[in-house]
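Got a structure here, written out as structure tokens. Questions coming.
Every chain is named by a letter (A, B, C and D) in the order it is written, and numbering of its residues begins at 1.
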Amino acid sequence: MEAIARANRAPAHSYGADLWTDGLQKTLSDWFETQVRAFPLVSGTAANSLALASVCPGFGGVVAHAQSHIQCDECGAPEFFTGGAKLILADGEGAKLTPNSVKGALVPYQASFHQVQPRALSLTQATEMGRSYTPDEIGALTETARAHQLVVHMDGARFANALAFLGCAPADISWRAGVDILCLGATKNGAMAAECLIYFKPSQAENLPFLMKRAGHTLSKLRFVSAQLEAFITTGVWQRNALHANRLARKIGNAASALLLQPVEANEVFLRLSAAERSSLRAAGAEFYDWGVESARFVTAWNSDEAEVDRLIAILPSKL
Amino acid sequence: MEAIARANRAPAHSYGADLWTDGLQKTLSDWFETQVRAFPLVSGTAANSLALASVCPGFGGVVAHAQSHIQCDECGAPEFFTGGAKLILADGEGAKLTPNSVKGALVPYQASFHQVQPRALSLTQATEMGRSYTPDEIGALTETARAHQLVVHMDGARFANALAFLGCAPADISWRAGVDILCLGATKNGAMAAECLIYFKPSQAENLPFLMKRAGHTLSKLRFVSAQLEAFITTGVWQRNALHANRLARKIGNAASALLLQPVEANEVFLRLSAAERSSLRAAGAEFYDWGVESARFVTAWNSDEAEVDRLIAILPSKL
Amino acid sequence: MEAIARANRAPAHSYGADLWTDGLQKTLSDWFETQVRAFPLVSGTAANSLALASVCPGFGGVVAHAQSHIQCDECGAPEFFTGGAKLILADGEGAKLTPNSVKGALVPYQASFHQVQPRALSLTQATEMGRSYTPDEIGALTETARAHQLVVHMDGARFANALAFLGCAPADISWRAGVDILCLGATKNGAMAAECLIYFKPSQAENLPFLMKRAGHTLSKLRFVSAQLEAFITTGVWQRNALHANRLARKIGNAASALLLQPVEANEVFLRLSAAERSSLRAAGAEFYDWGVESARFVTAWNSDEAEVDRLIAILPSKL
Amino acid sequence: MEAIARANRAPAHSYGADLWTDGLQKTLSDWFETQVRAFPLVSGTAANSLALASVCPGFGGVVAHAQSHIQCDECGAPEFFTGGAKLILADGEGAKLTPNSVKGALVPYQASFHQVQPRALSLTQATEMGRSYTPDEIGALTETARAHQLVVHMDGARFANALAFLGCAPADISWRAGVDILCLGATKNGAMAAECLIYFKPSQAENLPFLMKRAGHTLSKLRFVSAQLEAFITTGVWQRNALHANRLARKIGNAASALLLQPVEANEVFLRLSAAERSSLRAAGAEFYDWGVESARFVTAWNSDEAEVDRLIAILPSKL
């Protein structure tokens, strides 16, 4: 908020030719310990889809987990931005891909005009099931990708949460592990509307300014987004917020370990809960998502109140 | 061939405003025992994709079998024509969908802007595994489709083979069983290049002429295609050819029953054959497709030579 | 700014299911004296393109001025969102369309599959040349549109400036004059990033939520945009800002009347200036756009400093 | 016809892996005196659009004459295949572009993300007004194209007519004059349905097989098209047919020189004829197209009957 207000004080050039956006390139390059090219955006859906469209043609394919956000929750945005590329779905426990699941998914795709041509691999950090890929796991996946000439995209809507969980450097779970393009999310971690599309190989971003503009994602007053991201990184708020959310998620997980369906490795908790149990919880004021017919997803946030978490824990079935 | 030559003899108006194309409407309406609107085309891929594009927007979804031709072998044509609609994949033995597999595939798709909106169900008759849906099976599937407001498309590249196998009327496995749009293939059954997109509810074809033209599928000398289809139906060649191909397929299947992976219900035979066995067969001159790592697909055609089929049977492992 | 800060204070539901977005429907319905359906957005390019995509298929056409923003400055966004619709270009003095120029542009488009089918008319208020359409002019254009079954879209990036210039009611230059969809811009008039897509016939917006989502224009924290628009309207800031910018533009125009190429009817001034004159002005610190080889465009803003405007006037060639 | 029948006699591999299609590469390479890569197709609209899509992204632009077929008569096919590229319209007498008209059309397109990026120039030989570009005219245009990094496409639906008129070598009005991609039409010159997309720089065709397949333009029995094209070139039928049509067109033009609006340089004749005169002609059995309100277009064909042409000449107003 304060960062936005500061960006509001002085007149500035429009369309990203401003000091805030310039500074952000430097800030992120420092943070990632390599030269990056960064494009601030207001939408994670757009960030993911633009990333894919910049490296995958309409006749291409993108390997992604069957439960990934780009497959399940973006109303076909990747297909829209790419001109109809196909998501090639793979499986894996905890919504995590593995080298073998990726290889298996690629089997039917020949180097023939009868099939779409796989061009990208999309990973989600942390995954839809709140699981964090380790640097080694990412490395093994990107090695598989390289062997199939796939560019590696990472949907990092919860990148900060994974990073806080893993306790490693940002580079360790991105370019150093073979990731080419990262969509770094800040909105889910406290920002107003700030995502950042980060290219570790700037040449892959060659067409991006055109793709962005024609999709209405080139904001004239981009400095307001850049300022949020700048503050997000430099003040350490990304870490403070992520650690807070992760800690509360783990607290729930620890308290309900008998119901726990997934290790808690970020800010999401998946619990086995019957329909009746979920009804009771909701009646008692708890908010969560149904996940299939037998379980529920709890998401903690940067601003979750620990007292509320404690109240939730107090009414969980495991405590009865 | 003769039909094409006849169509060549007199000058004619272009773009389908010709006697052959007019006559075809009548011929097909008679054959299907209902008024249809028919669009001759030269490509089955185009026929399927145009059908889907006429009823499914870019933000829509099409339920199809995971092994269907539109998913596996058309280089993303449905996505291209629809502007990026998503194929929602369902399973089923013999590449056949079932009401339950369709319902299961639809579960994740809510009436929410987060998800693509299912708009069509695509069936393949006969299936990619050479299986034929019975009228009752189709009826059950189209009932499920109706319950979810899905238009029903049938990829009938091997419609004639299924029809010949089932021995029913064309209407019984199309509109009378709830199919809205049929892509009737003749190319695989002997024609030079002739497919026909048939609407049983003409209002659904309202935008089709525009979709066809802008995809380059409005032929100026359409009469040559129409003439093939007309002859295909009226001379009974569809049936003669399909019965021939089916009979030879069944002959292979009967001879190799120990290896048979699927009932033979059209003109395809799937046999369990090791890599070594396939190599031997190929060395002996047999032509077929690998199907996964442990089996092979044999396709008989309208013009397959029975002597060749007998030679194949003689060298199949079951005979050793 | 204050409105944004207030929206930040309390937790809220995401994706527009918040009090701010609900309230905005009411505020705008009051302002326009009719029930509207409003969609807050952060991009004018997206607003225009989504509006067109909601009413024009890929095989459609949109009549627009050859100098319009959607044709010249959006990198093909209308074509991207619509799936390849064609902009049908018409002329008119001051970047204003006329019924005759629209009719003339439509002549080549027959009701035939050989041509794209015109489906929308796009007007810009105020125009790219800073001209404002009067209610009567709009009425005549929308009547022409109706006669050709065209939906009427208005790019209102400078709607507030036109409104302030004309001194009429918002309804008079929108729905009451026959406009169906208005893209109301606030960004150019002081907001951080706030545009609003307003449907006067809500049924035309049926598919919009899906089109928005798949283009990455469904913000999770939409309340921050809604809050800006709410404040923009209810506090009268739209008018204060527009009147200020218009007054300064008129001041320049009056001072340089000998050079004036267009009547000043909003916040833009077009002056005949040679390359040498423009160089001198720039050397003296003036900022403006080249407009062709012999003229320049000056844009005043809600926050332009009158002293700076006076300095500009002092150095204009007409004053030499 | 005979060529098709021959292609029908023996079994053959599908999807262009046949002797006819292989042979065609050689035949066309000989004819053009350079190594070409040729793709037989059944539709000129598809040929043009695929050519453009292979070299122009969605954010690109294609400079074309305002009266060109790709702009006026293909229902937006170029926009569909390219994913929404913009046709940048230029003028020129006789539907012919000139270096100056091309340069003028390009002025508004900056190397900025605000504008689509021009990537191709499309010429039509012979033009929509029946005019033929000379080798020098083409050379000057392609030089202009090179200076702006534009790939040069030629819509050669009437290439044979232009070639017969000019009396030069095929290379002289294609690659030797700087054309990169030629859509060679045979359908308008006697074939059943045969067009050929010819790349003089094969690397530009890299993605074409995928673009073709996903648009339904990869025919399984391609040999029937290839055989037509092969016969078209090797038997000299292209020339015989074109010379015949051109001669009859010139005969009309000579007879009606007082009404002639364009030099007759191919197989089209444009005559100034009032509505009343056109009615009289039609009443007397003549067939032609209205061209604006004051003129008519007469097209002669490879199979036009000279006696019919003479009857037309006898009733033309100039003869009254």
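Definition applied: contacts are C-beta pairs under 8 Å (C-beta built on N, C-alpha and C of every residue); 3 or more make two chains touch, one makes a residue touch a chain.
Not measured: the values here are computed from a predicted model.
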item: A-C or B-C - the one linked by more C-beta pairs in contact; value: A-C
item: Turning angle required so that chain C lies on chain D, C-alpha fit (0 to 180°, nearest 5); value: 180
item: Chain separated most widely from chain B, comparing mean CA positions; value: C
item: Centre distance in Å when chain C and chain D are each reduced to the mean of their C-alpha atoms; value: 41
item: Distance between the centres, which are taken as Cα means, of chain C and chain A, whole angstrom; value: 34
item: Cα-centroid distance, chain B relative to chain C, in whole angstrom; value: 49
item: Residue numbers of chain D (touch at least two other chains); value: 58-59, 74-76, 79-80, 83-84, 113-114, 116, 210, 213-214, 218
item: Chain A to chain B touching residues, read off their complex; value: 58-59, 61, 72-76, 79-80, 82-87, 89, 108, 113-116
item: Chain D residues touching chain B - in the complex, by the definition given at the top; value: 1, 4-5, 8, 11, 41-47, 49-50, 74-77, 79-80, 187-188, 192-193, 210, 213-221, 224, 303
item: Of all residues in chain D, those that touch chain A in their complex; value: 57-59, 83-84, 113-114, 116-117, 207, 209-214, 218
